[in-house]
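The two complexes that follow have chain A in common; it is paired with chain B in the first and with chain C in the second.
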Partner chain A sequence: MPITLEKLSHTYQEGSPFQATALHDINLTIQDGELLALIGHTGSGKSTLAQHLNGLLKPTAGRVLLDGQDINQKDADRRALRFRVGLVFQYPEHQLFEETVRKDIGFGPRNMGLSEQEVEQRVHEAMDKTGLVYDEVGEKSPFELSGGQMRRVALAGVLAMKPDILVLDEPTAGLDPRARDFLLSDIARLHREGTTVVMISHSMDDVARLATRVAVLEKGRLVMEGPPGDIFTQVDRLTAMGLDVPQASKLRHELEAEGIVLPPCYLLDDLADHLAHRLKGGAADAT
Partner chain B sequence: MLRDITLGQYYPIDSPVHRLDPRIKILLTMAFIVCVFLVGSPLGYLPIAAYLAWATWMARLPAKMMLRSMRPLRILLIFTFVLNLFFGTGDTELLRLGFIRVTQEGLYNAIHFSLRLIFLVIGSSLLTLTTPPVTLTDGLESLVSPLKVIKFPAHEMAMMMTIALRFIPTLAEEADKIMKAQSARGADFTSGSLKQRAQALIPLLVPLFVSAFRRAGDLAMAMESRCYRGGEGRTRLHVLKTGRKDWLAVASIAVLYAVVLLMARYV
Partner chain C sequence: MTQPHLSLQNVTYTYEENGPEAVSDFSLDVGRGEFVALLGHNGSGKSTVAKLLNGLYTPTGGNVLVAGMDTQDSQYTWEIRKRCGMVFQNPDNQIVATVVREDVAFGLENLGVPSEDMPAIIDRALSAVNMADFADRAPHMLSGGQKQRIAIAGILAMQPEIIVLDEATAMLDPSGREEVLETALRLNREQGITVVWITHFMEEAARSSRVAVMYKGKLVMDGTPREVFSQVDLVREYRLDVPPMTRLAHMLRERGLDVRPDALTIPEMRQEVKRLAHHA
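Moving on to the complex of A and B:
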């Protein structure tokens, strides 16, 4: 069930003095089963793009196709679409409202018109997937929980709808390192189990570790797109855009400037291997 | 959706009218309103209309913006016109349809009062279109500060208004975001019976209140940590200044008064 963006443009408040173009002529296809990372500077249009994927925003020009169908057609069922493409906003814990965690996670499934029994089952599953213990927090108020737990409740609220495609807008922003690692391993597991994931992130190391493909936005335009190996080796170009690069890419780049050329890599483990190999080789040369 | 809410009607461009001292602008608007009430006949609105046209031109505002400010009032305007037209007193009958009669005096009043309403609205929106709300509050604070003598909390009032105004776009944005987040979970804000729709607002209102209280707490803390303790002895970053252009504006309204009063007497 691929999503295709065709010449997508979006302008906020068109025709007013506050007019602002957020997206410009984007062509991008999200393939089944991939984990696509969207990176770019603040204000580059990442969040705007994410909100087009489930029809919350309508393109000013261009089309969004899901399975070849234009999702903004007059007769399209946009509500059904939102259950298929689950969108988790930035700081999703700010959307929690119910008296208990259980009810809040059940909000989506209940809107789908499922029976109470099915809702209950989905809540259980979603809590399992996000590492929440039903008997522990199920009856608690979401406002009693820690920030990291609230974030997981919000994520569970979207997962409970069993979307085919999961769109995450900066899922780890503002979390402490432990909560962050938990959440990232949840996301990695969901992806492994077959969910297509689109993730917006500022953390290049997370992206390097998880993504199967990376798309770079700058000022509303799609400027780079490809596997992380292709993107993160272009250190100078990313840096010129004001973007960070994974630590391994940075170190490799700095070593190269010193005349130590290693094979292309962007993951710390690979870099460590290359270095170890070279150091051993160097030792062998000396003797 | 909610993003369309612009704060007040402020039209952000630069013009001589935008740059006037807000205090002078407030006083001029009040003077203008009084002036509109001094007009005695429909013909007397000519100088008023000319003055507004000139002021709009000076403010570099598109005429469309001015007309748009009339939109919320169209119902009231129609009522004013129709009531005066059909239920006016007077003897010179123009038309009779059953118990409804249109008299010459009725027609005259209908036109007179409708024009008065139109010019009042356009005149006051000229103030809100050319002055950012926060500047407006600054001007108001300065104008009512003499009342501090009788313990009127001028600074506190202005600070409250400024904070409230400052947070309208923030909360609107927040509401928009929460609404989208709940829509992403299948919430439906637009269909259903009145009761269903009221219930559908709960997932919006609860998070919105939670966030408003959190923001209020943060703001209070931030103000405290910068040693805020009320208006006493507080200096301003932007000191309001009255200059030559302000006195020119005052002069222009004085001319308007002269013309209107002369017309009321001789025309």
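Moving on to the complex of A and C:
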């Protein structure tokens, strides 16, 4: 069920003195089963793009196609669309509101008109997927939980609607390293089990770890797109856009400038392997 | 004997009577001019400590002294707030005025500074955070990093001795984070302001002069970034991580390379690799 953005543009407050073009002529297809990371400077249009994926925003030009159907057509079932494309906003825990974790996660499925039994079933499944233990936290107030757990409750609330595509806007912002690690593992597992994921992130090390493809936005335009290996080796270009690169890419790049050339890589594990090979190999040559 | 600038002495804090201790028998002295990074998992009590430092909270047990003044003594409340400024996480919750200059003036008005003295103070504060060109702009048009620097300028205008930044970079993008951290480091270096920098970013902590780690309300580690982060397993046990370059050093040592285990930054690691390559 791919989503295609076709010549998509979005202009805020069109025709007013405050008119601002946030997205300009974007062509991008999100393929089934991929984990696409969307990166770019603040204000580059990432969040605006994400809000087009489930019809929260309508393009001012161009189309959004889901299974080849224009989602903004008059007769499109926008309600069903919201269940198929689950959007997790930044700091989603700010939107928790129910008395118990169980009720909060069940809110979406209940809204879909499912029976209480089905809702319960979905709540259990969603909690399993996000590493929340039903018997421990199900009856607790979401506000009694730690920041990391609250974030997972918010994610579970979206997963309970069983979306085919999950869109995450800065999922790890503000979490401590352990909570961040857990959440990234949850996302990796969801992806492995078949959910298509679109993830917006400023953390290039998170992107390097998870993404199967990276799209780079700059000032509302799609300027780079490809597998992480192709993107993160272009250190100078990303840096010129004011973006970070994974730490491994950065060190590899600096070493290259010093005449120590290593095979392309963007993950610390791979860099460690290359360095070990190079530095030990070098020692063997010398003797 | 020099007095510590900030002194937490066996501090305990509970949000509700007989409730769980958010901060538990916590003792820490911070010297004048230090730049201390305070780390800890979500819910470890870091933000509670921050609020104890300028008397927003007063301890349930123990004492908090700011420049020798006890926060429980209400006669010092305003003096403490003036000397110890706070910057919080969300840049949008800290701006009160519609023009940058007026936002910086807000604290001064509360202190009763004569209005003819204000422009010079405001200009100096904005220059110190490299925002002088934005004095007449609308704060809501600025980036997150710029808003946080305006918040810092508002504190600087009151000529504080101490600034506590409670995850001031958590909601910013990488360039905004760098702007704010660089500003805090510079104010510490050039004006001798004592800084308490609370963060979840280990690479930020690596650039401080001292790292204190909290776990479940208690102080569990305290030392230079090198001392703390070279204890990789212990740091992880406290639900934190080490900076990426320290992690790489660890991986290289596991692969049998004689890399220093306490490398913290990319330049340090580059030096190490060059040294080994030269050797080889």
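Assorted remarks:
Basically, the second predicted complex is superposed on the first by the 287 of 287 C-alpha atoms of A that agree within 3 Å, B and C clash if a C-alpha of one lies under 4 Å from a C-alpha of the other, contacts with A are read in each partner's own complex, and residues count from 1 in each chain.
Just so it is clear, a residue touches a chain if its C-beta (ideal position, glycine included) is under 8 Å from a C-beta of that chain, and two chains touch if they have at least 3 such contacts.
None of these values were measured; they are calculated from a predicted model.
In the superposed model, A:M112 makes contact with chain B only, not with chain C. Touch criterion met: A:Q13 reaches chain B, while chain C stays clear of it. Contacts of A:G147 after superposition on the shared chain: chain C is touched, whereas chain B is not. In the superposition on chain A, A:T196 makes contact with neither chain B nor chain C. Put simply, more of the residues of chain A are touched by C, taking chain B and chain C as the two choices.
Once the two complexes are overlaid on the shared chain, A:T48 sits clear of chain B and of chain C alike. By the touch criterion stated above, A:V158 is placed in contact with chain B alone, chain C being left untouched. When both complexes are overlaid on chain A, the residue A:S249 reaches neither chain B nor chain C. In the three-chain superposition model, chain A touches chain B and chain C at no common residue. Touching chain C in their complex are the following residues of chain A: 41-43, 146-148, 173-181, 202, 205, 242-244, 247-248, 250-251, 254-255, 258, 260, 268-269, 271-273, 275-276, 278-283, 285-286. Interface of chain A with chain B (complex): residues 12-13, 16-18, 51, 54, 56, 79, 82-83, 86-89, 92, 94-97, 107-108, 111-112, 143, 157-158, 161. Interface residues of chain B facing chain A in the complex, by the touch rule stated above, are 3-4, 6, 11-13, 174, 177-178, 180-188, 202-203, 206-207, 210-211. Contacts from chain C toward chain A in the complex involve residues 40-44, 89, 143-144, 167, 170-171, 173-176, 200, 202, 239-241, 244-245, 247-248, 251-252, 255-257, 266, 269-270, 273-274, 276-277, 279-280.
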